[in-house]
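Each of the next two complexes has chain A plus one more chain, namely chain B in the first and chain C in the second.
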Partner chain A sequence: MKHPRIAISTITALSLGFMTPFAAAQTAPEGARYAELNDAIITHQIAPAHEAFAIAARDLAAALDGYCVTETSGLDTVFDAYHDTYDGWMAVSWVNFGPQSLFMRPVRVHFWPDSRNTVGRQLAGVLNEPRDDLLDPEVLASASVALQGLPALERLLFEGDGLAPESYTCALGIAIAANLEAIGADLGAAWSDPEAPAAALPDDAALTVTMFQAAFEQLELILTRKLAAPLGESADQARPRLAENWRSGRALRNIGVNLATLRDLTENGDQTGFADLLRDAPGGVDIADRVIAELDAAIALAELLRDQPIDQLVADPDQRANLVTLGQHVAEARRIWADEVGPALNLNLGFNSLDGD
Partner chain B sequence: MRRLSVTAAVAVALIAPSAVAQAQPDPAAVMTTYADIAHAMYADSLATARILDTAIGTLVSTPTEANLAAARQAWIEARVPYQQTEVYRFGNPIVDDWEGRVNAWPLDEGLIDYVDVSNYGDASDENMFYTANVVANPQFTFGGTTIDASSITPSLLQDDLHEVDGVEANVATGYHAIEFLLWGQDLNGTGPGAGNRPATDFDTANCTGGNCDRRAEFLVSASALLISDLEEMVDNWAEGGAARAEVTADPETAGPSAIITGLGSLSYGELAGERMQLGLLLHDPEEEHDCFADNTHNSHYYNQVGMTAVYTGRYVRTDGSVVEGASMSDLVAANSEELDTTILNLMSATTSAMQAMVATAEGGTAYDQMLAEGNDDGNAVLQAVIDRLVDQAAGFEEVVVALDLQIGPFEGSDSLDDPDAVFH
Partner chain C sequence: MALSRRAFLATAAAASLPVSPSLATDTGRAGWYMSGGADAGMIHHAAVIDDAGRTRLAHELPARGHAAAVSPDGRTAVLCARRAGRFVTVIDLPTLSAVHEIAAQPDRHFYGHACFSADGAVLFTTENAFDSGDGRIGVYDAVNGYRRLGEWRSHGIGPHELVLHPDGRTLVVANGGILTHPDSGREPLNLDTMAPNLGLIDSQTGDLAHRIEIPQTLSLLSSRHLSVSREGTVAVVMQYQGDATETPPLIALVNDRHGLEFLNAPDPVQTAMANYCGSVAFDRDGSCFGVSSPRGNLFTFWQTDGRFRTSVSIADGCGIAPGGAAGTFALSSGTGGLWRFDLATGHLQPLAGPIAPIAHWDNHLTAL
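Moving on, here comes the complex of A and B:
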């Protein structure tokens, strides 16, 4: 029933990309500036990040095939490829528009949070009574999203007896990897074709709003689900199993990649980022500096804690304090994003997909 | 995840402020209608819950199959007005803070009573009380927490068991706890059939399932709590009530913003996303809102009926009488008749898709069959409802822009998910 909802007190003008006729003109960036930002982010961030994910997923499929069938690669190779694939996904997981809106691609790659243990329950059912039809990637692609993505593969790799070559478990792992390879290839191709990403993108300010809201929802997800939920209200009430990918020890690694990606959206060397538009707006230089500082501080902590198991992080007093500090930086970045960046650039947040129970 | 594509939404042309507009209605009158309809809806919910309570009393004193069937029917009828009230949940913190007591979902029903573990599983990563089975256990200890459940009172359910250990799936009160006690688990997966608990589960003389006295006690206490909780909400919307005071305090901005937030958030994140799209993506009957009774099609449909009532300012009560007055629709039309027509058309399209879903269910393919893997026709019926709800939410976002309203601010929750509890 209750999940966090968002305190946004500044929504006034723009939602789903419609400019209000009066409020906009005085300080808002010109339409061309929005287009320049959109192009920079798609060309220099979204497209190459999807290419990297597609390559990692392809290598993962090859590694699993090498381990399970031809027995030419070891389990270490599989684990490395698994982590590379997840790193690749975490760098694109903020994107929820364009080609992502077709075929339920994001949730098929990474169904999480899984508050009802659906992955565990459905996977146990399939492993107890093996379904050979699911070994066909095309069948798997239309089966439950809980069975066809990285969280299911994580359980196959890191739970129970692990993978034995030539087992049903191994064969299912191969099918999952093939499914991921196909989704990765489709997404990579769709984002690399500047003429026609498969799903039509909105124009100019509307696309900037979409990106702005997607980045906000990513901050919200990091804060509430990836950090606050496992932390609980005290060390005694910590719930490390609510952390993301705790089975493969990736909870903080995911957060680090997510935050680094958001930082790149804000400022990315010579390429236009949100900070460049901010610096042209009144008071915007300070806003840009502060949001970048918060993200940098959060990224440094995520890196520091990256290889510590989450169950120790939430229970150890010093490490727990570090996690809380990390969360405070994310919370402040989120607040600045909603309350200051948005108004300065005349971008506003609409109904939130994270609203539900 | 759980994201609904904004780009999938219909693009509706932005209407210039100078478009043809009706006379401006009195905003205070709009908010009065909104509060009057809330009061009537909650009063109808309370009245039908009292009928359910009487039926439950009859069932536990005379546990026959006929009396069980009558109690189930009373539950289904009680859901009709309640589901219409859900449009008040988002945007009204008083309602949202209270809602978890009456309609918490989904639930780990093994907390309450026996379950078939081959279907349900015997443990959960997230919930120590997954199979606590209060009906069978007068006292139990988990992780240092000891609970004395020797007497299953309303206060035990509300204060000790509900959300025990901070886990929201530990649901001990409200419609869905009662639903589970009346129907039992639906063990048919995505095949035909609902829960099939026998009436003898409440028969102390000829008891099945064990602990029939305690099961009856649980049911009676949950029903009593439902009534007291609904009484509280009726009072909140009566003359002088706190919820009425909040929405009528600022009829220019905060009031209409609460209305539109309720409409948009229920359409989008909650109903289209959490209650519908997720279950379809997982093809999982555990993700069905009224999963024990197979009443999900009605629950979703009456959400939409309630949204329409609030937008148009016209609510048909359970006795057939009508509460109506100045409406959100009038406010929008005063700004742009074209936008109002657009919204009404979007809502009508959603209602039609919902009716197709209800007809499919009544034609013998229940909601949990519609969402099954491989049932392409059933999947399409549900997807159509989801898509129309997303379109409808996009329309409400346009109202936010046109009337210069605010979405939210939403109340923070008091659960462990609340970042403020941890980070401030």
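Moving on, here comes the complex of A and C:
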């Protein structure tokens, strides 16, 4: 397949395969195995990843303070801290359940996609008529969701004249970073509470299904929104500004971090991952190996392209081919995840979502 | 299906359906819900859950069900077969027993939704006259053994959910616009010519009072489900048949003054809805409503003035019905969970008690 359009129609066709999970699994994992997997993923991945994000956001606030106020750090330090913070968020952005459900937290951190330029419009309004109250992170936290997160900070850092020390934009950047730190700390604390994530779910299997489904959605988001949308049907019709974080050149870097996180959910050293449950299921060893191979191939390509601006990638024929290959690996990982991993683990998905009514 | 069983059900129906003309009597079933659902072995049931989360009825169905409807006096409920199915099961709620099964006409199938007339005497169902592809509304005598009284045009293709407007007379039917035929299963046959609409139909004459078209530019939005508030605002939710990289609106409000008003959530939330809405319900007093997006594993909540409020993630969540208090909802999931959600506090709480044998709640939840 040389054409990104094919990758998209492939998604649609393959989703039909999702209809099959209700074939009764011969040897379904027992509840204790689901509980073990849930615990491993929450304790060793989700909770520490949120703590890391909160720390990165704190360092970002400190770097901005050093640049804007005390003039003890340079802009490079700020940029490094910005990228570390975004890396931190991209490692938790697949999580769309549990504490994420409250207070619109994910949208406040990362308002994207933004096809209607809500972030730009909100930010322009504030910069035209600066509001000092928004410099208080607690006030900012209840202001427009588009204004208080990383996409707004990205524009402050990478658009126009950038940040000038002692400016309103600099002070707003510090408030945004402090707000991110607070959200990260709240999420980290919530995910460290052993009861909280599963409190509203009927049983261990339901939490495993929820995580499985969230990983699937992340693959779909990468495929449709992060890759296919900017690629367009041809170089002429490419729309690089639909890419994620194109202003700061992070489009492929985000994908790499997203995929590496999903890889860790599947297999993560000594900690239980989805692959460990799979390998106990009939035929599961092969399924685990293939999904890991697809993720690894996609991660390698994302790493290879990581620092190249998306507008150049989508315009260059060879690089477009690389992006399409990357998308094909993601599409195949997604297909295996839905059609093979789910049924093998008896994770019954799609009773309603694939009903078609 | 065994004829003898049907004969028995018909007999039981005659004995136990003295429909009272008085409306909204206290049935003692406040806080109870009805839904289709499947058990762990994928046997389909019509289930009734009480206010403590206990299963009061799990009646085995011939095939997968879809949505329930309850009579105005709260004594009778029906559960319709899923689209292309051929039965509607009638449940007598005081005795919690199945009392009748309506069979589709030979050249019709059911679409999955039904509603009662204001006096409870007539049951309306959405049906497919599949040889022509025309949408129909089946009219059944709810007093006399659900005899088929006739049918009306739905004034569109693929009628799905229909509700009775609080004026007591107007049926609002969501013609999703998608043509299907039993010979090709559930496959859409007319995406290039889709013309979805809402039909407003006089429930006493079948006359079309008004038809609200989905604009041509959004013709791939299949308007499938709706809910109407006490004051007559209609919320219609849609499923987009176009490209996955697009982000069209999926929800619209209709009220007397403003026609069709499309709503958008903040872009990241709108994207997460995955171009697909599965169900919609106003709360008890009509000040807000909730929408399920099972493909995005998401419920979104809105003010009746169109303002987006918040979203809640629930894997394969689809069923939604009003809770007992204003601003509260009951939510259900294909993975088996059942919750109470309070919009004011953002609190999501599982319904207490075991809900076996249902392991997968079907698309729609109905308050009894």
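Note that in this section the second predicted complex is superposed on the first by the 312 of 357 C-alpha atoms of A that agree within 3 Å, B and C clash if a C-alpha of one lies under 4 Å from a C-alpha of the other, contacts with A are read in each partner's own complex, and residues count from 1 in each chain.
One rule holds in what follows: contacts are C-beta pairs under 8 Å (C-beta built on N, C-alpha and C of every residue); 3 or more make two chains touch, one makes a residue touch a chain.
Predicted model, so just to flag it, every value in this text is computed and none were measured.
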{"item": "Touching partner for A:Gly120 - first (chain B), second (chain C), both, neither", "value": "first"}
{"item": "Most chain A residues touched (candidates chain B, chain C)", "value": "B"}
{"item": "Which of chain B and chain C A:Val145 touches, first, second, both or neither", "value": "both"}
{"item": "Contacts of A:Glu233 with chain B and chain C, given as first, second, both or neither", "value": "first"}
{"item": "First, second, both or neither for A:Leu345, with chain B first and chain C second", "value": "neither"}
{"item": "Touching partner for A:Ala331 - first (chain B), second (chain C), both, neither", "value": "first"}
{"item": "Which superposed partner A:Phe103 touches (first chain B, second chain C, both, neither)", "value": "second"}
{"item": "Overlap of the chain B and chain C footprints on chain A, listed as residue numbers", "value": "8, 11-12, 96-97, 100-101, 104, 106-107, 110-113, 115-116, 118, 145-146, 200-202, 210, 217, 224-225, 228-229, 349-357"}
{"item": "Residues on chain A engaged by chain C in the complex (per definition of touch)", "value": "8, 11-12, 22, 24, 96-97, 100-104, 106-107, 110-116, 118, 145-146, 200-203, 205-206, 209-210, 213-214, 217, 220-221, 224-225, 228-229, 348-357"}
{"item": "Residues on chain B engaged by chain A in the complex (per definition of touch)", "value": "1-9, 14, 16-17, 90, 96, 99-100, 103-106, 121, 124-126, 166, 168-169, 264-265, 267-271, 273-275, 281-284, 286-287, 373-374, 393-394, 396-398, 400-401, 404, 406-419, 421-424"}
{"item": "Chain A to chain B touching residues, read off their complex", "value": "1-9, 11-16, 18, 20-21, 96-98, 100-101, 104, 106-107, 110-113, 115-118, 120-122, 124, 142-146, 199-202, 210, 217, 223-225, 227-229, 231-233, 237, 239, 241-242, 324, 327-328, 331, 349-357"}
{"item": "Residues of chain C that touch chain A when the two form their complex", "value": "38, 41-42, 66, 82-83, 112, 160, 186, 224, 243-245, 247, 264, 266-269, 271-272, 274, 276, 278, 292, 294-298, 310-319, 333-339, 346, 348-350, 355, 359-363"}
